[in-house]
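Shown next, in structure tokens, is the structure this report addresses.
Note that the chains take the letters A, B and C in the order they are written out, and that residue 1 is the start of every chain.
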Amino acid sequence: MDEGRIEAIEALANQALYTGNNTWMLTATVLVFLMHLGFASLESGFVRKKNTVNILFKNCMIIAIGLLSYYACGFNLMYPGAESAGGFFGFAGFGLSLPEGAAGGIGYTEGAYSYYTDFIFQAMFAATCCTIVSGAVAERIKLESFLLFCVLFVTFSYPITGMWQWGGGWLAEMGFHDFAGSTLVHAVGGWGALAAIILLGARTGKYTEKGIKPIPGHSMPLAAVGVFLLWFGWFGFNGGSVLSGDPDGVSLVFVTTALAAAAGAIGAFIASYIMFKSYDLSMVLNGILGGLVGITAGADLMSPGIAIIIGFIAGVIIPFSVVFFDKLKLDDPVGATSVHLVCGIWGTLAVGIFGAKAGLGQLGIQLIGTLAIGAFTFIFSFGVMYLLKITMGIRVSEEDELIGLDLSEHDMSAYQEVEKLGNYSMAIK
Amino acid sequence: MDEGRIEAIEALANQALYTGNNTWMLTATVLVFLMHLGFASLESGFVRKKNTVNILFKNCMIIAIGLLSYYACGFNLMYPGAESAGGFFGFAGFGLSLPEGAAGGIGYTEGAYSYYTDFIFQAMFAATCCTIVSGAVAERIKLESFLLFCVLFVTFSYPITGMWQWGGGWLAEMGFHDFAGSTLVHAVGGWGALAAIILLGARTGKYTEKGIKPIPGHSMPLAAVGVFLLWFGWFGFNGGSVLSGDPDGVSLVFVTTALAAAAGAIGAFIASYIMFKSYDLSMVLNGILGGLVGITAGADLMSPGIAIIIGFIAGVIIPFSVVFFDKLKLDDPVGATSVHLVCGIWGTLAVGIFGAKAGLGQLGIQLIGTLAIGAFTFIFSFGVMYLLKITMGIRVSEEDELIGLDLSEHDMSAYQEVEKLGNYSMAIK
Amino acid sequence: MDEGRIEAIEALANQALYTGNNTWMLTATVLVFLMHLGFASLESGFVRKKNTVNILFKNCMIIAIGLLSYYACGFNLMYPGAESAGGFFGFAGFGLSLPEGAAGGIGYTEGAYSYYTDFIFQAMFAATCCTIVSGAVAERIKLESFLLFCVLFVTFSYPITGMWQWGGGWLAEMGFHDFAGSTLVHAVGGWGALAAIILLGARTGKYTEKGIKPIPGHSMPLAAVGVFLLWFGWFGFNGGSVLSGDPDGVSLVFVTTALAAAAGAIGAFIASYIMFKSYDLSMVLNGILGGLVGITAGADLMSPGIAIIIGFIAGVIIPFSVVFFDKLKLDDPVGATSVHLVCGIWGTLAVGIFGAKAGLGQLGIQLIGTLAIGAFTFIFSFGVMYLLKITMGIRVSEEDELIGLDLSEHDMSAYQEVEKLGNYSMAIK
């Protein structure tokens, strides 16, 4: 038998496995990308008509800023390489730098995916943390301040805490488990959102002496489309976090993800019916998202039955949390803090309660991770927002808020009922 | 040569093929998942503004209920295993139960996909049969009764008839061919819809002494988005039904699916122009869906040219069928019976007329399958709906129908033109 | 060692690689398919409410016509086979014809994808060139004339110039580089659009003595959804153009595509802010598309940093180009000529300026390709449109334009604010 021929066959089989794994990672990447449309739709649907262009504009800019910031600096802060193992901080330099020996690709991360696949998959994640903030601060934040906050958040805050776990830092060494980012992505976005809405204050007219005034979103179809697209993308978010196309691993994650989302819907349906005596679509939509956020930390560890329990509890949490934040007069137009922060914490702790790693010790570690990342992110976000507040200002004028950000910041309306003269003719004639 | 090394290479090649196949099945799964957004959009677009929240709510609940019911019971009713081969009924127990020897994954169904992949792909299919019903009964059914019907339909009816063919039951043994479910999924949904609308009656004001009153949907963009998403998802629905990533098989199915949909559009375009002398967007949209349903039974057997003929005929059927049901005063706001039932039957019979299995004998078998599954499903659905009608009631009051289900069942509107006080402030202050 | 066993393992490894590659190509195919929904949404959002049904109708018909025309004739004109190598024209016969020896599939194009995969991937591309035209001629073209134009454009024009490069024709021989079609798809659509809008004239009331009257689109959410879906689909458009699942190749293309789109958003953001002093959502949306079109020709050749530069410049071009066409009184409701023609040319030339093939010689070749394909397409389109103009007419009456095409051509409205009698009851009672 010819040794060369055997080697050629082995290389062929390796290339085939590498191709299959990498194809899944890239498919997961496009699914995660579409979550940005999911967020854009959801947030648009949940804001008032007069602020629709503004929220769409922010969502377009967030993905653009997110990808570029993460390329410029974030990726190499989050994955600084072996030298920073177990540590708090590391940096491998600006831009992308193909590691030595990785050019051939197949050597990179044991044939599961290429270097560029690694970057682009992670980059799609990075921008989501800003999108979470964007929903919470909607309808009253200044566009420039928000975009500046996003640049800093994606460039520094998200990657540094991300490195603690996914970059091989101190939390990873301690045994913290956060499979796809209940804490690292969702709670991080949620903490940023919380800091921002504390400093920003509620929308004018939301909390009055006569009670809390719900401000319904302008388009439930847009909101529902957003939630379905987010669920769709979540199969890539969680499924891609297996970091290969391993059939047993990815398919288990699909099952836990899908069942937790379904159970989240049921949980929110029941809890909100008991609380409000009506079939509340917003709650069911957020219940689905809550179930998804809740299962994200342990999607790889749970049995299908446990996934249903975790998702159900997350769904039940949603209406309670929404009411809780409202009682604190923390105004969050889309419920982002309830979905991403509260259910993110729940999902992270659930890893210590259910599944293969359950135990008091693990629960303690999960708590440490939650608190450490929460503290860093909240302080970072509060600090940056505070600096923006005392310098550029973070809130639009009350008049602009009343008119709506579409006209005051963008000089255009989201919908044209009747034909009228547009606004840039002055500039070009 | 080292035997161990050869074995390792063989295992590597097996793992690579397994990964490639399974990746395709999971990709198909997410595509089928998105069909639920397609249905939600389509149905929302085709109902009146005042019933939009209700239809979105139902579509959220259907996918949740569908996944959980199929997990709890349906999957093991539909795939009871070898002992029930050739039979009418079997049950492998509640929940998921990894078959013996399947833990390693690669042994499961000859390395094409894992056990959990099998479940989640099939689970995405299961819920669609309820969604089909949901469109037909829109704008007048009671929410609670409908949801209860869904639980029973996905838990029992769909899996039992599904088992007859896909679970290796008596129809499979007889040689019935229904590749991806023109009958097993679409006609099943259509029969359920037919039973329901017979018992439910038409929307108030639809059939008057002065003639038939068309009730146009409130948003054609939503409807069109829905149809494109359904077409998109159908590549997973049919393409995944190859049950592996086999390049020749899946790519043929892609071609037949795409061409039949395109021909369906043309068929409906021509037929509806001749009938109504106008370019009717609803008909073209349903023509696309008709073409897709029509090719589904034989997407693996037809040449591209034959697929065009099958799809074209399905498209032509659509306007005739819509008019036919209207003449019978069977009110179906979205045309679900025409698309899924009539074109489902057409597609199933077409397997006996065209392609590799064509012949009088096969046509007879296709007819037997159509009738048997139709009879079971219709009787089951009629029975359940009848019981619901005489107990809880299945129809909202005429007053609620006039107000619209959004306000009467959900106490909220789909769109907010101007700002107004929402509805749950009473509950929480 | 048993030779038969080695051969079996080799075949297994080959099959695995073939499956992985083909799965990626089919995944890319469905992504490109969804671009048609992207175009439909974008164009719907950018037209006035009264022309929404019409643009949706056209987009449904375009994909149907595109797939069928390309099946009937276009594919074999574009890929006529080896005999036409280096030439200007070739034709391999009507319909699909599995090449000899390709039945086994794996022999076809060296195991990267099957024959039917090849066809369906290319067919999804073909229809896009008409969709580009559709946006530019919106709100005033006659439906029948437009559909006839589409048939001829996809059947003849697009495949003939496509053959010059991708079919192995004279441009390929000369060394022209157009990776995924900045020229072959986008500029081709753009030239067709330019010819059409010259002959068609501007919308009534657009260019008045008092200046240019902007006519804002009726739904910014629809437009934004469209752009996100196009970006999503572009990962298949560019990623599939690698023509295999090669991990290193596809992942590089993902990175360049994503970063160029992001940079396009930033470029358009800055340029339009400087020009119009406002945050213009339409410009940012078209900036994203401009970045995507710009990188398409060289997505396989550029480093991430260079991709950012190319995309940024494309984004900056957008507002200038929009103003430029407006000054020429060439009315393009969606900015298709700016996005697809101008940025298509920019992207094609950029291959001669940046990246692995940069050089004066290459720039010259890129210019020759641009001009040759531009000349052919413009003359073909102008000729066909001119013939249609002097025979059937290409423009609706001024009265119909005022009423809107939805009522005048389709006898229906896109949105139903209040319930009213529909329009086909007369025909069927």
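By definition in this document, a contact is a pair of C-beta atoms (placed from the backbone, for glycine too) under 8 Å apart; a residue touches a chain by one contact, two chains touch by 3 or more.
What you see is a predicted model, and the numbers here were worked out from it, not measured in a lab.
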{"item": "Cα superposition angle of chain A on its copy chain B, in degrees to the nearest 5", "value": "120"}
{"item": "Copy pair chain B, chain C: interface residue numbering same or different (half cut)", "value": "different"}
{"item": "Approximate Å spacing (C-alpha centroids) for the pair chain B, chain C", "value": "31"}
{"item": "Multi-chain contact residues (two or more partners), chain C", "value": "1, 6, 9, 12-13, 16-17, 19-20, 23, 27, 219, 225"}
{"item": "Chain B partner contacts - residues on chain C that touch it in the complex", "value": "1, 5-6, 9, 12-13, 15-20, 22-23, 26-27, 29-30, 33-34, 36-37, 40-41, 44, 52-53, 56-57, 59-61, 63-68, 71, 95-96, 105-106, 113-117, 119-120, 123, 143, 219, 222, 225, 409-417, 419-425, 427-429"}
{"item": "In the complex with chain B, residue positions of chain A that touch it", "value": "1, 3, 6, 9-10, 12-14, 16-17, 19-21, 23-24, 27, 31, 48-49, 211-221, 224-225, 227-229, 231-232, 235-236, 239, 244-248, 250-252, 254-255, 258-259, 261-263, 265-266, 269, 275-282, 284-285, 288, 304-305, 308, 323, 326-327"}
